[in-house]
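Below are structures written as structure tokens.
In the two assemblies presented below, chain A is common to both, partnered first by chain B and then by chain C.
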Partner chain A sequence: MNRKGIPPIRIFSITAVLVVLFIIPLIIRDQYYQHLMILTGLAIIATVSLNLVLATGQLSIAQAAFVGIGAYCSTLLVLKIGLTFWLAFPIAGAAAGGVGVLIGLPTLKMRGVYFAIATFAFGELVRMVFTNWVSLFGGVGGILNIPAPNPIPFFGGALYFQTKGSFYYLVLLVMLITILVNYRLLHSRIGMAFQAIEEAEALAEQSGIPVMKYKLLAFLISSIFTGLAGSLYAHYSHYIAPGFFSFWESVHFIIMAVIGGVGTVGGPVIGAVFLTLLPEVFRATKEYEMVIYAIALITVVLFLPKGLMGLLKRVTNGRGE
Partner chain B sequence: MNLLKVQGVGKIFGGLAAVRDLSFTIKKGVIAGLIGPNGAGKTTVLNLASGVLTPNQGKIFLKEKDITALKPHSVTKLGLARTFQATTLFSARTAVENICLGRHCRGKAGFWGTLFNTVLARQDEKMDRQKALELLSFMKLDSFQDVPAQNLSHGNQRRLGVAIALAADPELILLDEPMTGMNPAETAEMMDLILRIRDMGITVLLVEHDMKAVMGLCDRIVVINYGQKIAEGTPAEIQKNGEVIEAYLGAEYTFAHR
Partner chain C sequence: MEQLFQPLINGLMAGFIYVLVALGLTLVFSIMGIINFAHGEIYMLGAFVTYILTVSYRVNFFLSMVIAMGVMILLGLLIERIIFRPLRGHQLNILVISLGLAILLQNLALIAWGPDDVSIPSPYPEAIEVLGINLSMERLAAVVIAAILITGLHLFLQFSRSGRAMRAVSQDPEAASLQGVPIERIESLSFGLGCALAAAAGGLIGPIFVISPFIGTVPVMKAFVVIILGGLGSIPGAVLGGIILGVTESFSATFVGAIFQDMIGFFIILLVLILKPSGLLGYE
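Let's look at the complex of A and B:
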């Protein structure tokens, strides 16, 4: 990032956004809005992570399964073994990453629709295990009373995470790290190689890019952060059930990434914000939510090939790329 | 020194032998040719040598190192690069980005270095760009530096394809029909380019249908038909070889008019 200098406008706007993100829960104290901000943050983590896999040209429909793995893993570690959240949280990420590698190794050789089907099947398998292994995962009813993260000592006092306002900062921190890591990766030589794989896999391999290793790397990093999002979700909502991690949720993340604009980090962020908040705006017309979704998706696919991010760039540049 | 040694290699596709008991060697510093009628198995040989395919029998050595079972990216890293028969490029990326991607395997920073953008990572990027610009001027593509590959002319695209392969600092480059679809001027330019590549100290294995180019450029030629070697020698020897003439049926005409 410390290239020949970032334009001052860029530094200014990034700082401004950060400041706003940090003070916003102090200004907007409404519980409902704070709830939405937390959900948006979690959606951003999952969508930005998905984007990394999409960047290598692999369409994964298992994103919700990785959220679920993170959520259940951390929940069980806390409830059954009595681990502190602060240990369960990273372990949940590692577990999701581990499962990602196990699934990625045999499936990432497949491309296009075959990989999509394989990840779809895996996602549904995970959901069925959550549903049917009642003794461990609590069945369809899921698991209740998941505790909030333990307070951490802080300058003589302690930081608590029971309130939405405080949990927001935890989500914000993880979200910013996710965005930073993904941004750095996608703008590095490795990120260029990811996109080269998407564009011409055989040529990339022949040009000396370790295609399989990189696909696995993208999948691993994506799974880790997605698992972390799952853990955060469980300890925020205090309740998880298999239904939360269905195929439809995975599709939801894909739609967020596509509407926002695949390939950049900004795209998935915008997509996640847009599609988390949009349904709330149209809450009164609950039945039409899916219709609005469909219209938004079709509009973007037809008219904005690079998603909302592409539109934003065109507007700010005053012209197309 | 033998740079590439193909030893008793066979490849079977669903019961059909595309390559059978093929052996040949390429010495360092030469331009070698691999010719044969359509369907003789030339591209299969390139795919075997470059790691796209793994042979059913035999072994392949690059600088005495067994590369038989290696994947393409490892083979490239060891110093064997290739171009494709069809013009294959990262079409949406600019010319300079295409070449940078070809240099990927020469990066030194590794994953963490790249993630944290260490000095090493920045050096990698600087080297990529420097080398890419060098290659662009070597290919006389300077003025197309920031043009997306898909917008280049056919001749320029093919040269860019060669540049991607050269970016990996290979010792041996396999060129799969580099003159296909080129006009005479472009062909002449490509011939000149191949000579200049050889002069850089890079050994060339050329697969090409343009006999004039092959006979004019190559120091040694291997002829295959039905996946088997039917002749090997200097261009003069090959042109006199009865079996080769028979296999080509009309190629006699081509030879006569060079």
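Let's look at the complex of A and C:
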């Protein structure tokens, strides 16, 4: 960590990446590729958020449930109460955060596999509530015809979000905020406390770090952003169903974070990009697609214990955080 | 009477299958401290091997099951050696790699045998009647064979030299190692044993339910409930937990509604973990 300001090369590369991210939908106009870019952005939000919980040494298998809570919450607020998306969106994040605190309070005391299994059970319960409470959540078939966000006035004109190109910028904005918040948090005193908890919880407790409070904070922030991702997803795809928020989806986010490298913000970003685009590369192999995906995953975990980010660091000779 | 007896037999049958799957998971956890998410895929492959031997090669059903157990022991040893041993001590990575393995095995099975359901023809005579109640032989045999396997495992752990070594490792790996217990051999053994039990469970359900590449997920989820309820790492706990879950599910499906059959297990996990994390028979 350097407190004396960011090196110029860093400022340059960050600016370059931002510029590319802003102009890319103007260059790549193919609808399918724009769709992929939006999905990648949403995956990044969910995976970076998951990373925050992982950074405190807790493995949560409930990530998809929080995406689902955000998605259903904002969908129902818009469809049943007639709220505008711009109100439903933050409420969805707050609702996911609230559920996160409720479930985090009793479970975050557990460690290792106990916490993993508890969150797994919670995630499955949430999915079953979506499935079986048909009158509210629409059952297995889910909810159709979820509207796009309402247009907002903008310098005399208006911004519309029906097209993929425009929705991309909304996702990009939320994604950048998520990354910024997570980065600042992980590189603050709180982030150092997270690391201490992850490495030796008992020791951290003894040196006066309020372990439970910090774990809850990580879980709360993570749930909020994950809920926001869910809301965005619902109003982008116009359709949600309980099957989208299953155990295997949660697994998918964990895999993204671990492949990328847990603990840094860059890792989950790389993991989310890599694993959203990898199946596209192998699409031509048809039925072998998932086999190749699984083999790639196993190989990375076996040979790159710190993920792709660890590899990148080794290549660039340990520079950067 | 019949109204109570039929769900009881169904519940016991499901419960014993859960126990067989859960025993492997809990055994591997107590020895190696890891949770293997690909355990359900071993169960699925066990079912397929039994199916292929009985249907395509007309091998006797029971012999097929024994061969399937053997094949899965070999596969288990290979998996343990290549995938799990190098990652020793990295819990998160082991969890993730076992998930990757589950995806891999599921999709390989999908390519090999397709997505359609198959079923093993019943090797037993017609249903028998006891006290005026029709008992399907498949279900009864599943309970009996599972009970024999569980008793066998218990005797092995209690009285054989390797079994004692396994218990020693589960209590204190370092002390066991100092006493000359070959830890790595014991780990392989427990992993292989767990796979054999899962394969047996897969074979047993063959004549009762359908077999497809996707059948492994649910039993593993149920097995989590079972081992949490009984106490993670506890063998008697897994047996007790399995029977409780199977019977509770069966009765709630009959008298309350099928929706609750699936949800009940996850309620149990959360309740037990929050109120008494060591489970019914586990030690702190």
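Quick notes on this structure:
Keep in mind that, in the parts below, the second predicted complex is superposed on the first by the 314 of 321 C-alpha atoms of A that agree within 3 Å, B and C clash if a C-alpha of one lies under 4 Å from a C-alpha of the other, contacts with A are read in each partner's own complex, and residues count from 1 in each chain.
Quick note on the criterion: contacts are C-beta pairs under 8 Å (C-beta built on N, C-alpha and C of every residue); 3 or more make two chains touch, one makes a residue touch a chain.
Since this is a predicted model, take the numbers as computed values, not measurements.
After alignment on the shared chain A, the placement of chain B and chain C results in a side-by-side fit free of clashes. By the touch criterion stated above, A:192 is placed in contact with chain B alone, chain C being left untouched. Residue contacts after overlaying the shared chain place A:315 against neither chain B nor chain C. Centred on chain A, the angle reaching out to chain B and chain C in the chain A superposition, using CA centres, is 80 degrees in steps of 10. In the superposition on chain A, A:132 makes contact with chain C only, while chain B stays out of contact range. Residue contacts after overlaying the shared chain place A:81 against neither chain B nor chain C. In the superposition on chain A, contact of A:27 is made with neither chain B nor chain C.
One of chain B and chain C touches more residues of chain A, and that partner is C. Applying the stated contact rule after C-alpha superposition, one finds that A:204 touches chain B and leaves chain C untouched.
Remark: least CA distance from chain B to chain C after fitting both complexes onto chain A is 11 Å.
Shared interface residues of chain A, touching chain B in one complex and chain C in the other, do not exist.
Those residues of chain A whose C-beta lies close enough to touch chain C in the complex are 54, 59, 106-107, 110, 112-114, 116-118, 120-122, 124-125, 128, 132, 247, 251, 254-255, 258, 262, 287-288, 290-291, 293-295, 297-298, 301-302, 305.
Contact residues on chain C toward chain A in their complex (touch as defined above): 29, 35, 83, 86-87, 90-93, 95-97, 99-101, 103-104, 106-108, 110-111, 217, 221, 224-225, 228, 232, 259, 262-263, 265-267, 269-270, 273-274, 277. Those residues of chain A lying in contact with chain B across their complex are 1-2, 181, 184-185, 188-190, 192-193, 196, 199-200, 202-212, 217.
Across the complex, chain A is touched by residues 50, 52, 71-74, 76-77, 81-82, 84, 88-93, 97, 100-107, 109, 111, 114-117, 121, 124-125, 128, 164-165, 167-168 of chain B.
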